[in-house]
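Structure first, then comments.
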């Protein structure tokens, strides 16, 4: 799998997943670049043998909590201050396609 | 001494202010004047907050006059990387998608700077969302290396390194994810420090790769870096990954500057092939210098460091692909293509295509790929295993040595545009710095001379175990002092890009 | 096989040929004071976007910190569902874009949930079905979108939407069952009984007020059919948006009928997400398979692992209240009720009310009689829940006490309750204000009895002739004359004494 070149269709799929509206030219360019990068980083498979535990955080800490105590919110005005569009105290967004 | 104020160290300015020789307002004005004079060529700043800075300086002067207790850096100006939120200044992360964004809150680091009485001059340029090693990925154009304005100042904290190198500020903040403090520090001939992960708070630091991002200081001297390190660090309950531990005594260590009896490990894998000869030459000389100062030199091998770079280029983009999802045109930032016809989904895609630069898009797609079903195990999963192997290498190495050393970067500063079209070549700039990001330990870059072939600064990297940050300051300060004795002046005095002949 | 082509098959018909396997994913909002990852209040009712901060708005740079109480509540639920509590587990990011999700990923748990492998027993039609619990995990809720423009106010055809993030970040637990096979035609009832039992359990644990109509409990129903006796499981669908007890049952029946029709016609069931519509009682397909989501789960790097210490878990276990099933069994024995009578109490939503009324001194029979009779009628008429009627168990117990001491008869007691419900005060105040006490004083009643005898000489004659049962008619006359306030037994006694 790591040796399979990444196709233009795969790049288009990734762009859709990542919500990036790419041009045809960009799809071509990224397909080539991602292929080079992925075939290079696939080297991790050479040493990552079974039985080696994964590390997702470098410094081992567990159980960090906060108490269930209210911290004053920033309020609607501050929340909406930087909104691209607002209406009636809410964020106005373009029409939403039916949910999944 | 007005004209000289900007040449002073932070420690020197603080002492002068404490002694009443100069006011914080005068110090701040001097730096603002310097910015006005040179930043048109350096382009270190994205935003200069002159009035706010002067007001903050005035407040410090007033407090001092009132006899209020002040921190050791009160009144000292600082350049703040534009990746930290600031409630009174825009925060753009070098991206069009956040152009003009005015956050409603201060990052913990921002708040700590203010509480320490540091005077924030403005926000510095950076590679977009900290993805890059040159600032060429900034949507607002590159910053320039004050040693040679045609060259990059490193990145992603390149605006910060350029500002400090150009004497626009004695101190700057940076963030290190794959080397983004140490690499710009190295190629600008200044000190750059990545503290232990979790030693400094990420709250309000706009995330690139959450498990790697580490705020840290840039300064012209090791002691200045230590002073800022102490001021900006410490446990933060708002960051769950923040360590509930005392800040290591880095200022005391920087003053100690003693390496006698210390075991210094030279990592075989971080050097040799792929490293510029002049870089290796200066590095080797510095190791010899340490030996002459009483350190015990140990050659050791960290075999999995060779896989750190590929692991990093899976882990960081994966986290980034998720962290950057929130830039979706709904709540803040850019919204493009909202014509009343396009759906929210389409507006998101159009906005993200318009608002993100090429490198950010590339990494988002790389990370999306690495996390997607069917590929996770082969890429992200394996990279996490490599991370374990890198940590084990460090653990084994730190049994044989108190600190590990290497060149900070494989090469000196490259020319603007030289690697812009070759992502893989750009990624190599972080070859030596990435292992400590993956392992979360502390690392520092201190200037160790100029490469003979191009006359540009070379950085010497010192790596210390988790929460033993003080150790690398001891070594860094010893190297700095010994080299200055040898040269008779600080290395930065030889920087000629801006002011013609050196001093 | 297209949607439209397959007309639904009748439920009983479908069940004669197919065997359903179902599973339920139930989301419950926890009743914490603050949100899952920030200190914003989690209560309903704030102005839009008033209860938000950088964290729950997903602002750049903000970071989550776990609410300890939310974890504790989840462990409570896990223990009550007989789950194993993980010694070490993590949060994960579920990545997908949606305008009401501020970070465009949801912090959830993926392959390392806090609670695993438990069960909940539910009784249906006299048998107990053990529903296996796969997992209980924590996650955060999304904001709410209001769809503007268009004809319906629905998402389809809307011109734009307004988003309120007050709900974003409210802690949710998701309780996921294992697949439940072998329930046959009872499957919809078992599903409903499971959700009912779960709801009671959550209430008893004090971790949620579980109001389905406010969306604090939401279900997804997984269902597959296979030919009876095949021993295999078919392709399943996931039906979302099932938000009431009744809907659980309806959605399942509807989906059974739909899948049966597809299979009957020789088609194959498509593995997909479907949406239940309360108004039509049917399901429609969601996104097509080509656009299937790839959530790209990975461990949440902004949070550290959760490793509940044994002492903490043991402390929570020790603090668990008596659970609903055990409590029901105890009360049923104490009250001496049949299974059927007990089920009636529970179905009326009167269990706690009856228990409290008994605790306040009423007999179980009286308590049950008033709550299931007169008061249920009131609740039905006013379209409210029994528990929301403005009358307390203590007041009901007092009324029952007045009846058993003879100070009220049933008719007067109903009038007293009317008064209480009308806000006229406690039972004794209503009795006094309305003058509703039973009259049993011989002097006061004597005149009325004499008048009744005098006015009905033919009835009186029959009684005198020994037709004692006719006395009842004379009692009725007296009762009417006294507006029901007379002590009927006393009146009868006086009539018989005068006419013997």
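When the chains are written out, they are named A, B and C in that same order, and each has its own residue count from 1.
Assume contacts are C-beta pairs under 8 Å (C-beta built on N, C-alpha and C of every residue); 3 or more make two chains touch, one makes a residue touch a chain.
Here the structure is a predicted model, which is why all the values come from computation and not from measurement.
Asks: Going by the contact definition up top, give me the pair of chains with the most C-beta pairs touching.
Replies: Result: the chain pair A-B has the most contacts.
Asks: Need the most distant chain from chain B, centre defined as the mean of C-alpha atoms.
Replies: C
Asks: Which chain has its Cα centroid closest to the overall Cα centroid?
Replies: If one averages C-alpha positions chain by chain, the most central is A.
Asks: Based only on mean CA positions, could you tell me how far chain A sits from chain C in angstrom?
Replies: From the centre of chain A to the centre of chain C is 39 Å.
Asks: Averaged over CA atoms, how far is the centre of chain A from the centre of chain B? Could you give it in whole Å?
Replies: Once rounded, the distance between the two centres reads 24 Å.
Asks: Could you give the separation in Å between the centres of chain B and chain C, each centre being the mean of its C-alpha atoms?
Replies: 57
Asks: On chain A, where are the residues touching two or more other chains?
Replies: 17, 19, 56-57, 61, 64, 66, 74, 79, 91, 93-97 - these are the residues of chain A that touch more than one other chain.
Asks: For chain C, jot down the residues that touch at least 2 other chains.
Replies: Residues 54, 57, 65-66, 97, 99, 159-161, 163, 294, 296, 298, 301, 303-304 of chain C touch two or more partner chains.
Asks: Among the residues of chain B, which are close enough to touch at least two other chains?
Replies: 101, 103-105, 211, 237, 240-241, 321, 325, 328, 330-332, 340, 344-345, 348, 368, 372, in rising order.
Asks: Using the touch rule from the top, collect the residues of chain A that touch chain C in their complex.
Replies: 17, 19, 56-57, 61-71, 73-76, 79-80, 87-100
Asks: Which residues, counting only chain A, touch chain B once they are in their complex?
Replies: Chain A reaches chain B through residues 1-2, 6, 10-11, 14-22, 26, 30, 33-34, 36-38, 40-49, 52-59, 61, 64, 66, 74, 78-79, 81-85, 91, 93-97.
Asks: Using the touch rule from the top, collect the residues of chain C that touch chain A in their complex.
Replies: The contact residues of chain C facing chain A are 32-34, 38-41, 47-54, 57, 65-71, 88, 96-99, 145-147, 155-156, 158-165, 273, 286-287, 293-294, 296, 298-299, 301, 303-309.
Asks: If you look only at chain B, which of its residues touch chain C in the complex?
Replies: 84-85, 91, 93, 98, 101, 103-105, 107, 202-207, 209-211, 237-241, 318-319, 321-322, 325-328, 330-332, 340, 344-345, 348, 368, 371-373, 376, 380
Asks: For a test of understanding, state which residues of chain B touch chain A in their complex under the given definition.
Replies: Residues 101-105, 196-198, 211, 237, 240-241, 243-244, 304, 307, 310-311, 313-314, 321, 325, 328-335, 338, 340, 342-350, 352-353, 356, 361-362, 364-366, 368-369, 372, 374-375, 378-379, 381-389, 391, 423-424, 438-441, 466.
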